[in-house]
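As structure tokens, the structure follows; a few thoughts come after it.
Chain nomenclature is as follows: A, B, C and D, assigned in order of appearance, with residue numbering initiated at 1 for each chain independently.
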């Protein structure tokens, strides 16, 4: 029997996780919530996801719009084994009480604090920590991006120290709020939370980060400087990443020079919604100088955490012991390999 | 037997037309050309399109990159019934000589002059003009957009006069050239070519246009003011468009307020590459005042002409007499209905 | 003795009006208000404008920041003949009660409704309507722009009908809120308020408008289509505008092709803050077709209303009867001629 | 007698250097060149800079446009002691031959290679190296920015190692060419030239850099990580920078959170053209962790090198021995202090 999954918050992340869960053969979506009868409510129905109102008071709006809902979040919680919380960051703690009371396992996203669930998750780095857990947080898009490239380096060569500058996209493509139209804005509170957040998954890593927001919508881009524990060639680094999951190695020489062209590649690869769930590394933008390694990577903020949520369900529900097997199963089902 | 189609220029438009042709059951791609071994060359191979070098001198570059090509454009021309020219605007006349010499029918895009092929095409408005023709030009994305909404109005109510302001996207998402980063730029040469171009398809229409370029990549947006031949209600206008092909009626009330949200809808609809091949009209942005009708429409410059190219092949090759049957067949195959 | 002027709201418009008033020899700033001790509070002091807290409860914040204020708005109102309200749109009605109670004349900006003050103002079109008035509204940046070019046309040739498409900048350069980063957004409520607003100043004009917001910060740009009462040449139109005040005729041929280059010209002209208080018309973007006239104009939303506020004070305070004399006096003092 | 200065290339940098030279009392502009009769040619005349055609073949264009020129570059070279080359990067070597042949001293900008002039210049770090030299290169805007903040740190504390990520603006405000409209683009060739370029001025510094281009026009922004030779507090760092020239310390708490607001501050400070010739450091964006110092700085690419060119002239012409005296003199004349 398939694991029954609910999504609380069918928005940018929620609709993608719903799609990804339904692509697997060991889990299925039994319902999703929305607060308003927007076009995304129609998307849910079109994709075969039973629709629930997030709150009792939202039901009237759906009725007025002529959209039938199956009940409220409370009703949905009675039907699921796991609820994936994709509500806007910061409301997770309050929601967790509801989930705990209903006795369902819960997954939160990176907008919540680590302390709230106590376990932060990345499928490659610490899959086992979510094993059978009742509540887990999948780390944010940026943290996921850093972990996917740093963890293999740590395993292969050892890492002394990391410094990353995060050049963030200002808002998602369909978002109106966000960065200034024509300005670069630094995250003044230093160190930014990104470095410490990596440590919730790769424990004990020495990492610092700075961040700026820029007026673009497509992807974050990281400038990463790593002091390795030994001197290695660029070729050795590439070999490590070539055999690591969920990485896409691209090249400026092939005409992929910026994040716009990366997203074009995602469309050319036939990826659903044009998403790039892999972390993108420029092969011709890697450089080693003594023990130092410099590289650029791009992170698709709307989708890179999606397969991580699937694997997290598998670990929490004890469906598969081997993380690499789970990753491969997820990725094949999503068309990533 | 399927009609054999070649694409000269596998770029933004070319790769989409190739995909669309291969989705039909009465035509197929037998080859596409590229000038360089970029990532789009890999896309062609991945999508099962035999690859040819655009020019003999390009072959060496493909060899160096380890990409096998089947020959040159000249070789491809020997195998096709129709060649769809998707090269950058302005080189069509020179190419036409090659196509004519090879005795193959040719389709050009809106970047070329009307005079070059002598027939300009839109599937709804003048499908029959391409019937059996040896050379036809599919009008540009903006002209296609204007024709799709104006032709049904003309049929239903009659049109006295049209004035359209075109707010153009500055560049395509993966393009580096284009508009200034933070400026609005008017097309100073008045009237702009857009108005006259509509007349190559809807003969005799009284239409004027102005245009500006803006720093955005997703869609063009038109402000259209139409003087109709009779006074009608907004509801009557909506009814006409509701039964016209390749239009998508959206609403700000449903959360679709700008071109970013329109493109999000395209992804939610599961459209290939996230394309919106329909012309988008805002239902709550229509207004009639006496005989005047005002409305906004959005045009996805990368894809709206793609189904038109398919229908154009069908008309030129005399595969289907009824334009509405061809349109329906194309659209079903492409997942547009 | 100079007329004593106060500014309520020393922000984008307020700080410019303060500067402009202090440049005149018949009026002076006796105080400006701010709600917070931001860097613009320092600007006020640097420019010799006595600083007041907008509300009593704001005073503590200034004290904490070590910035001395002279009192509150109530104190300021006791010292002024006229208060210029430059607070964010929509709070004017509430403020008007305070001003009326204090017995001071008041000027509001275009974000307020016409009905609130009952008189809307443009120095060229209806200077006399503000003569001796106790409360007047200076129309918005876009309306000011339309009036400056349409009024001379109406005087010279007569106007049958106007249709304008407004391509709006999404946010001011130092603003964080505003338009989506990469989208075009139509103003769905039609007709937009811009057309009707022109009629509060040029009474009886037949004008309709549509509007879109774009991701740029510098200027609004208008596509204007005017049906004149007689057929005229482009040269005749240019002659009319050449002798009208506060217009800047530019040319794409001279390298001024977009709003970015217009703002560069403003800097090259040595204008304070790099402002372009004139409305900009492209000489090579004018076209007449029969009785129709098409033209583009650009509007610097941060500054074009500034000299209008100065003239409005002069009319309300009965300092000068002839509007053209007032306009010339203002413009010379501001370095506009 | 004043030193006679010519400008070859009256564009973004050239027109600012011309203005700055004319503000000094020991040097003056005797002529500037342009290749075309654009609006900037009018600017030169308006600012009292005699105009010369860059090449003999350009003269006809000026004549046609009715703009009188005083001759060509060759004529200008006969009248100057120093020529400041502000032509587009990469043509300097060819121009140097002309200057050398004419026997005039020459200054080049950062777009040229260090090797071409052999001496690279920053007024604070190595003023003496230009003393009496015949040809000197003023380093680029980004390099100037790094030197202005790093040199005082090196003097005060010693520097072990620097890593800087440069988030570049994609194009200047009035430029049409440049970055993609909605993408982030990494500089793939590592290490980027910025790090090595700092060493041409601060010899022997251990510095590495990475860079990305973003779709914004106002300023570059740097994320800088410095390993100091001793552990210091943030307060000590601030004290060093407070007494260093050409730095502007700002604070997010005062409402200056991004580069748009920095440029607004420049206008509020009454700076000519709204330029920010100082390097901007966020006081609340500084952090020390052990010997590591992290900080953000913003660089106004259009103007920060302008006062450096003035000081460079003074050193080459042996007008003032003490660099701090020259800096103060320049800055006072330009209204920077």
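Everything below uses one rule, namely that contacts are C-beta pairs under 8 Å (C-beta built on N, C-alpha and C of every residue); 3 or more make two chains touch, one makes a residue touch a chain.
Being a predicted model, the structure only gives us computed values, none of them experimental.
More contacting C-beta pairs link the chains of B-C than the other of the two pairs B-C and C-D.
With centres defined as mean CA coordinates, subunit C is found 42 Å away from subunit B.
Centres computed as Cα averages put subunit C at a distance of 36 Å from subunit D.
With touch defined as above, residues shared between interfaces to two or more other chains in subunit D number as follows: 173, 175-176, 180-183, 215-218, 257-258, 260-261. Contacts between chains leave no pair untouched here, as each chain touches all the others. The part of subunit B that touches subunit A in the complex is made up of residues 15, 36-40, 42-43, 46, 173-176, 181-182, 217-218, 250, 254-258, 260-261, 263-265, 267-270, 272-274. Against subunit C, the residues of subunit A that register as touching in their complex are 170-171, 173-183, 215-217.
Against subunit C, the residues of subunit B that register as touching in their complex are 163, 165, 167, 169, 180, 182-186, 188, 190-191, 208, 210, 212-219, 221, 223, 225, 252, 257-261, 282, 284-287, 289, 292, 294, 296, 298.
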